[in-house]
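Naming follows writing order (A, B, C and D), and every chain is counted from residue 1.
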Amino acid sequence: VVRVPIRVIYGDTDQMSVVYYGNYLRYFEAARNEFIRSKGLRYRDFEAEHRLLLPVAEAHVSYRTPARYDDLLTVEIALGEARRASARFDYRIVREEDGAVVATGHTLHACVDLDGKVRRLPAVLLAALSAGEPAGSASGA
Amino acid sequence: VVRVPIRVIYGDTDQMSVVYYGNYLRYFEAARNEFIRSKGLRYRDFEAEHRLLLPVAEAHVSYRTPARYDDLLTVEIALGEARRASARFDYRIVREEDGAVVATGHTLHACVDLDGKVRRLPAVLLAALSAGEPAGSASGA
Amino acid sequence: VVRVPIRVIYGDTDQMSVVYYGNYLRYFEAARNEFIRSKGLRYRDFEAEHRLLLPVAEAHVSYRTPARYDDLLTVEIALGEARRASARFDYRIVREEDGAVVATGHTLHACVDLDGKVRRLPAVLLAALSAGEPAGSASGA
Amino acid sequence: VVRVPIRVIYGDTDQMSVVYYGNYLRYFEAARNEFIRSKGLRYRDFEAEHRLLLPVAEAHVSYRTPARYDDLLTVEIALGEARRASARFDYRIVREEDGAVVATGHTLHACVDLDGKVRRLPAVLLAALSAGEPAGSASGA
């Protein structure tokens, strides 16, 4: 599990005075970048070295407690499940001030080559993504 | 079913030259606004007249074919299911040029009063939202 | 002058219940795309046919009257001045309901080749951009 | 001068593989929030305690060197000039890796009360904003 801080700005809110529902996918992405970096990888290297991309196939968000302007949030991200040609990331966003769970969700990523063909997720990448994560979180089944 | 046109701008794309995954929730919202307007309602009246809000409780997107800059998209929206205190909208985004299905998804909305308490969706609102939609699409069960 | 309609969505607003100040640059861009299309050009052709790009060198916005959720806006765009290697677009955003001027501004675009070198704006492009616009709006000086 | 780090995410870029021009106004805002916080103020208190708002009247950006995905940027912000009923903030965005100046710009803010009437910027607020800043940067003239 990797934890990434996010400070809510005005530009993230909408006129209900809460974070606009689509912006949580930005927060998820910011966390995903840091997760990958924390494993010693860089997303840009997936393409340059492995000729692979991990486009989002599915995204899901459950909204629990609205986040507001100036809230300091923590996005927790974990590798949820890695299959032959896909990987899922699970997210939980918590507000620092009171520990309220703001949102949970996941993104499912396909592993494709630069022509868009589905490819097996290389073992070396899977091993790197799973490093330091709880056993069984990435079964590679 | 209500159909809403969207023209993709540069600001919607990311460096993969496709629409950023979070922006589909903006397209969903644009369609939701037009759906409500097409039924003779205005979202702002929900609050002013009924003292109710319909915050998003859950959002889901399945990404099928990437949309690109300058694509003309049609967002199809339908009332998926209306329960005592919630309503679901279903979405399908199609690219006009070739009919490709770009994305599908749904949003689930709770019906709450201005204090955030869950409230029954008023019959008059449900009837208005269901008007002209296929029978059974909003069971009100 | 080309006029482009924009309907304000929730995602454009912030917690002041007005359109977030950065989003006017999205509206400007949407209008720029339609301006170019209305002249029989496509921005993507600049790159494919002329090997040229028109990156934004400068953007300016003056905020007059706040736009709000569900407002129907018209973005008016005109070619402001075209020089050897740059072009300026001028914008005015008006609210349809009451004719209020919401914002004015401009963007200045450099003409560069795919290596980023400044290039003369081709006469054929300048002529196309100026077609139907008031004389003197693009002096080409 | 206050310095605020920003990590560029995919959602900030566009298909030119650079940060979308409108998103620099988000970076400016993030820096503005931190500037105000660093002076012991909170923007929300302007409204709650002083019954004042500081809406943006004007924004300007000069784009120098494109920022890219994963770049670590520093936004430098300084109080540029404070007049009777307005304050200007000046910004400079620098890329950490090579020190390149990515963008410069300013925002001009009016001081208005909750009815939208122009009001004198209170001396206590001006003093707080100017604390620790170079003499003369906020003349209060």
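Please note the rule applied: a contact is a pair of C-beta atoms (placed from the backbone, for glycine too) under 8 Å apart; a residue touches a chain by one contact, two chains touch by 3 or more.
Bear in mind the structure is a predicted one, so any value in this text is a computation, not a measurement.
Participant: Rounded to the nearest 5 degrees, what is the angle of the rotation that puts subunit B onto subunit C, matching CA atoms?
Facilitator: Rotating subunit B by 180 degrees superposes it on subunit C.
Participant: So how far apart, in whole Å, are subunit A and subunit D when each is placed at the average of its C-alpha atoms?
Facilitator: Taking the average C-alpha coordinate of subunit A and of subunit D, the gap between them is 29 Å.
Participant: Using CA atom averages as chain centres, what separation in Å is found between subunit B and subunit D?
Facilitator: The computed centroid separation for subunit B versus subunit D comes out at 35 Å.
Participant: Give me the residues of subunit A that touch two or more other chains.
Facilitator: Residues 10-11, 16, 22, 25-26, 29, 69 of subunit A touch two or more partner chains.
Participant: Please classify the inter-chain touch graph. Allowed labels: line, ring, star, complete, other.
Facilitator: complete
Participant: Residue numbers of subunit D touching subunit B in their complex, please.
Facilitator: Residues in contact with subunit B: 10-11, 13-18, 20, 22, 68-69.
Participant: Write out the stretch or stretches of subunit B touching subunit A in their complex.
Facilitator: So the residues of subunit B in touch with subunit A come to 16, 21-26, 29, 53, 55-63, 66, 107.
Participant: Can you check the complex and tell me which residues of subunit B touch subunit C?
Facilitator: Touch residues, subunit B against subunit C: 7, 9-11, 25-26, 29-30, 33, 42-44, 69-70.
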